[in-house]
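In what follows, structures are represented as structure tokens.
Presented sequentially are two complexes of chain A, the first with chain B as partner and the second with chain C.
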Partner chain A sequence: MRPNHQFTEFEKALIASMPAEGSEAGAILSGTGLPSRRDERWKWTDVRAALREEKQSSVQSVSSRAPLLSLDQPIEFLFANGHLSQAPAGLPEGLTLSRGGDYPLFRENLPNIATEKAEATYVLTVSGKLDRPIHLRFLSEGSGMHHTSVQVVLEEGAEASIVESLEGSDGAWFANGVMRFRLAKGASLERLILQQAHDDAVQVHFAMANLAAGANFTQGTLGFGSKLCRLETQVLHEGEGARAVLNGAYLLSGRRHLDNTTDVGHTVPGCVTEELYKGVLADKGRGVFQGRFYVARDAQKTDARMAHNALLLSDEAEVDAKPELMIYADDVQCAHGNTAGALDTEALFYMRQRGLSEAQARAMLVQAFVVEAFGHISNEDVKARLMVLIETWLEAQS
Partner chain B sequence: MLKIDDLHITVQETEILKGLSLEVPAGEVHAIMGPNGSGKSTLSYAITGREDYEVTQGDITLDGDSLLEMDPNERAAKGLFLSFQHPLEIPGVATMSFIRTALNAQRKARGENEVTAADFLRAIREKAKIVGLSDEKLKRPFNVGFSGGEKKRMEMLQMAMLEPRFGILDETDSGLDIDALKMVGEVVNEMRGPDRGFLVITHYQRLLDYVKPDRVHVLADGRIVESGGPEIARELEEHGYDKYIQSAA
Partner chain C sequence: MSQTRETVVKEGIDQATVEMTRELETYKHGFITNIESEKAPKGLTEDTVRYISAKKDEPQWMLDWRLEAFARWKEMDEPTWAHVKYPAINYQDHYYYSAPKSGSKYESIDDVPPEILADFEKLGIPLREAEVLLGVEGAGQTPGEARTDAGVGGEGVARQKVAVDAVFDSVSVATTFKKELEKAGVIFMSISEAIREHPELVKKYIGSVVPTSDNFFATLNTAVFSDGTFVYVPPGVRCPMELSTYFRINEANTGQFERTLIVADKGSYVSYLEGCTAPMRDENQLHAAVVELVALEDAEIKYSTVQNWYPGDKDGKGGIYNFVTKRGDCREARSKISWTQVETGSAVTWKYPSCILRGDNSVGEFYSIAITNNHQQADTGTKMIHLGRNTTSRIISKGIAAGFSDQTYRGLVSVHRKAEGVRNFTQCDSLLIGDQCGAHTVPYIEAKNSSAVLEHEATTSRLSEDQLFYCMQRGLNEEEAVSLLVNGFCKDVLQQLPMEFAVEAQKLLEVSLEGSVG
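For the complex of A and B:
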């Protein structure tokens, strides 16, 4: 309980909207309010300050729009302001959709709120190898708030890929989502998160992934920020020989804010984590990177590497990074690196001497910088389309 | 063609070129020799428009047009090419697409049509063979992991592809084996013609056996201190720069 906590209009309304009885998330919220700069893990991403005014629940429809990323034969689920408004008529073999699922109480309360307030907690279960990508499109519009909660369960040896696109039109909406991934033995999931929203939107998208022995969880992120956006992924290696890749790129212009927070726990021996984030900041863009590796005493032979590199295109941009290693085992390989720098002026001159305009040379160097974070993406088409989104962003800068 | 008149260049508050004048008429190849640190590379950067090389006095013109107000890429489109003394590695940038983007950017700036992918590929394969770079090298990120000599070959490949009207070779011969040296000679001699000029910066007579200069200039302490025929290069080979350094001091 926080003494003298002055609840904002937003917090008061949110508390009032929680179920009167048996709401754990509501009880926590009434005690501590929303995360703010006073919380160590949110010190650079102050959700409370970004959401002061009361918000109504969003209307359950949005205008249709072309997907941010068009995929080859996607199995598409469309969440319109949090409401599952479109799902495929029939699902391919090996994929089922149900409601329910079990939910632990997360240490963070926003995902708990999302689970309680979402219209339903959807569960996608995959068995065998799913050839087509699952596409969850979270579309937001207007000035209300909405919550989503989706679980993805991969049975033993299952293989799938999933794209979550967080898209939105103009408006000061607040979208709060929680994803839960459970990978059974030897299962393999390729996850891609794509985020693009207007200046006024506030987004928190949280995910927790539990990996059994030999499971493979590969995640890529491409984000362009919003008024305040936090993409958080927690991974727990629970079985030996599990492997996680957490890669991401972000490009921020204007006054956009994007926070990539990751927390990977290694509790058993022989797990691998590779993490690489690349950030490009223009104007007054604000990037936040928090990466934490926890390696328990028993988690010998852990191999965990983390790097975050930021490229500052403007003097007014800001990036805050906090890589953190908490290692209690002695026979491990763990490393982290963090850099921030400007474009190489020598390379720029070289390229311009060959005839490229300054904008062309900058664009080529920025793409070369960012593309490393997509090294793990096996689908060349998807990679090319992500590069097009980056090119579009670059063109808007010049 | 290229005319430099009383050029003064200041780099980080230090005057490096102190009233340098030089003229290379169309169709000619001129060599510049001079001791380390005398300002040869500074001159090549000043001509091509590198930032931080401040022109405090004088002018540089190509075909009578002053270059001073032009961006580096405008100068490139006008026909200037610099073979860098120390070519860079640019990780993550694909070699072929870089050269093609450069070529098309120049063509576009001159109001010419872009080259098609097929024509480009044909041309670069042919020229890569001449400069001695394998297909595998063209597929790598630009110059990444290349040896010093291979980087110089890449400079010559770009010159051959971009077909500049005026080429500056800043110690392209340094670090090259005999075959590569001959190759540089071949590329330059092939391009030599009544509408083209070259400025070849070198420390050694050797390159000038393959690229016969019309004139040789000695640059010492930021100025041209002597100009003459190819015999100057041979003299320097024998006696070094002593007399110029004393006269400059």
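For the complex of A and C:
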């Protein structure tokens, strides 16, 4: 219990909405409240301060809109303010949808709250190779709050790709989502997260991935921020020879805030993690990057690398980074790098000499800087569409 | 190492080597000096604070400052965020003041208790040169053969002059070369003397870098600090010799709370060395110091520490808790503060020598080697706060963890909104020796100005087997090979140390890693 904790109206209402009996998330919430800058892991992303006023539960419908990313033959699930409002009539072979049961508590409480408050935990189970991409569209609007909980299970040797788009229109809504990924032996999943929301929205999207031996988890993120947005991914290597790629880019303008937090645990020998985040900050944008590698005593032969590079385009922008290593095994290769700086003036000068306008030259440099984070995406079509989103953002800046 | 411990010596190994190794296995500064001392009653109350202040003959403003700190300290919680574990400290179970009974200042060498002299001699501190001791007529004129440490300056190596202030438990017992320094206008004395003799300077600068309620341990220090060193270098003066303080905790259950304040006025330069030791005792002793540096326009302060507090025994019993607040303020333009530290001792270390880069074009540097072995824990690093334009900072941290030890680098590089043209380079490398230790890196980077160029690199690895094999093929034994590789790993930092400290540091590296291989 935190001494002298003054609960906000939002916290009081949220606590009141939790079941009085048997709610573990509710018990934790009434003890500690929402995470704030006094919590080490949230020091740069103060959810408590961003959500002070009381919020009602959102209505379970939204106006229809075109997807942020159009995919080729997607298996599309649409969550309207947390409610699964559309699912394909028939699922392809190798994919099933069910509702899940109990889960162990997370160390973070927001995903625990999401699990309890979501209308259900939907479980997607994949066996064999799924050719079409799964597209989870999380649509939000209005000024209420809503929660989602989805689990994706890949059976032994299964292969799939999934896109989660966090889309939202006007409104000061709060969306709190939790994703669980379980990859059995030799399974392979390519995950892409796209985030674009209104200035007033607050979003927390948390994911936990458990990787069995030889599993392959590849993640890409493209985020544009909101009033406050946190995209957190925790990965646990539980079987030898598992591999995780965590890449991402963020482009923030206005007063938008985006926090990319990752926490990777190596508990067994011989696993690999590669991580690369690229951030571009304009106006009063604020980017946060927190990365942590934990290598347990038994996790010998771990190879883990992390890099975060931020580009500040404005003197009012801010970037905060904490790339952290916790190493208990001696025969490992672990490294992290972090840089922050402005665009290279010499490169700009060179390009302007060659006849490009300043805006064009800046756009090209920024694009070249960001695109590195998408090098792992195998689908050229998807990659090209991501580039269009980045170009649109750049055009809006100039 | 296990071989030498069992005294099974391989053929061809020199007996002297065996003895040397045996000596190195133990903490050689672990002796206890039996002298009578005068102590404040055990525990910490407002009366303790008044007692210390009265003992020091302090002016009212000093007592008021201490009491204010004590009142605030009572409201504060001990920090828990560092990656270290230790049993809760009972602050009422310590002595907060202990002085050798015969008083702190001596008219002549004969008045200094021989036990103290013997003690410092064992530490290799040049105090045994009677003429150099304070109070003895003409001491300042004596050409100083400052250090007589066996490892320093063999044949043909010119010995540098070093002026020493020795702090024994709570009080400063001797300051050397005072007169020679006075000639240059440098004030170098214990802080208690300075409060009496130069109150205007102390009052102006003390607490101006580390405010009263900065953190739990600094606040405690402000309330109960007993002695420490004060240095003032006047404008344009390059301090003619290196200044040095040796800290020693002798009494059982005694906390040492020293306060160091160094002010380098416009265009001056000073290099300051700090060394620390303590006896081996089973219980933990507390050391909570505050060091404040102020560099004015164009001034430079170089602060080097070799910290060798008793680290506890092989099972982690005993040892010093080292909770230190060190901060430098580059207050005016073009000033420079450079921290170099070699941390080999202490059971638990919690220490972040920092630089506030306030003046435009000022420079902050942090070079650190931290070695932990057995059950030692260290959470150390730095903070570089860039407030001024075109300020630059460089952080080189080398961590070596062996045995069952845990080590964390924790650092902050912060660039404020108006700090144009900031540059920082940070490199933290960790080396793990053995598979039961841990090495952690927690850098914080906060950039609020687009013209800042910040670079951070960190690696963690173990000693390369290839390199070890290569060295051993060339006739080095495993310990020597490890020592050579570790020295290579630390080279960037060792180069920053004044020459004689570098030799001492290299020896310490060897001692600290004894028993970590094989």
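Operating definition for what follows: the second predicted complex is superposed on the first by the 396 of 398 C-alpha atoms of A that agree within 3 Å, B and C clash if a C-alpha of one lies under 4 Å from a C-alpha of the other, contacts with A are read in each partner's own complex, and residues count from 1 in each chain.
Going forward, a contact is a pair of C-beta atoms (placed from the backbone, for glycine too) under 8 Å apart; a residue touches a chain by one contact, two chains touch by 3 or more.
Here the structure is a predicted model, which is why all the values come from computation and not from measurement.
If you put the two complexes together on chain A, you find that chain B and chain C both fit without a clash. Once the two complexes are overlaid on the shared chain, A:Glu346 sits against chain B while remaining clear of chain C. Contacts of A:Arg354 after superposition: chain B is touched, whereas chain C is not reached.
Using C-alpha centres, the superposed arrangement gives chain A a vertex angle toward chain B and chain C of 80 degrees, stated as a multiple of 10.
Looking at the shared chain after the overlay, A:Gly337 reaches chain C, while chain B stays out of its contact range. In the superposition on chain A, no contact is made by A:Glu93 with either chain B or chain C. Of the two partner chains placed by the overlay, only chain C lies in contact with A:Leu325; chain B stays clear of it. Of the two partner chains, chain C is the only one touched by A:Leu312; chain B is not. Once the two structures are overlaid, the count of chain A residues touched is higher for C than for its counterpart among chain B and chain C.
In this overlay, which is a superposition and not a single complex, chain B and chain C have their closest Cα atoms 15 Å apart.
By the touch criterion given at the top, residues 40, 297, 300, 310, 312-342 of chain A touch chain C in their complex.
Contact residues on chain B toward chain A in their complex (touch as defined above): 48-51, 71-73, 75-77, 80-82, 84, 87-88, 90-93, 98-99, 101-103, 105-106, 109, 141, 158, 162. Residues of chain A that touch chain B in their complex: 345-347, 349-358, 360, 364-365, 367-369, 371-372.
Taken in their complex, chain C has these residues touching chain A: 81, 417, 430, 432-462.
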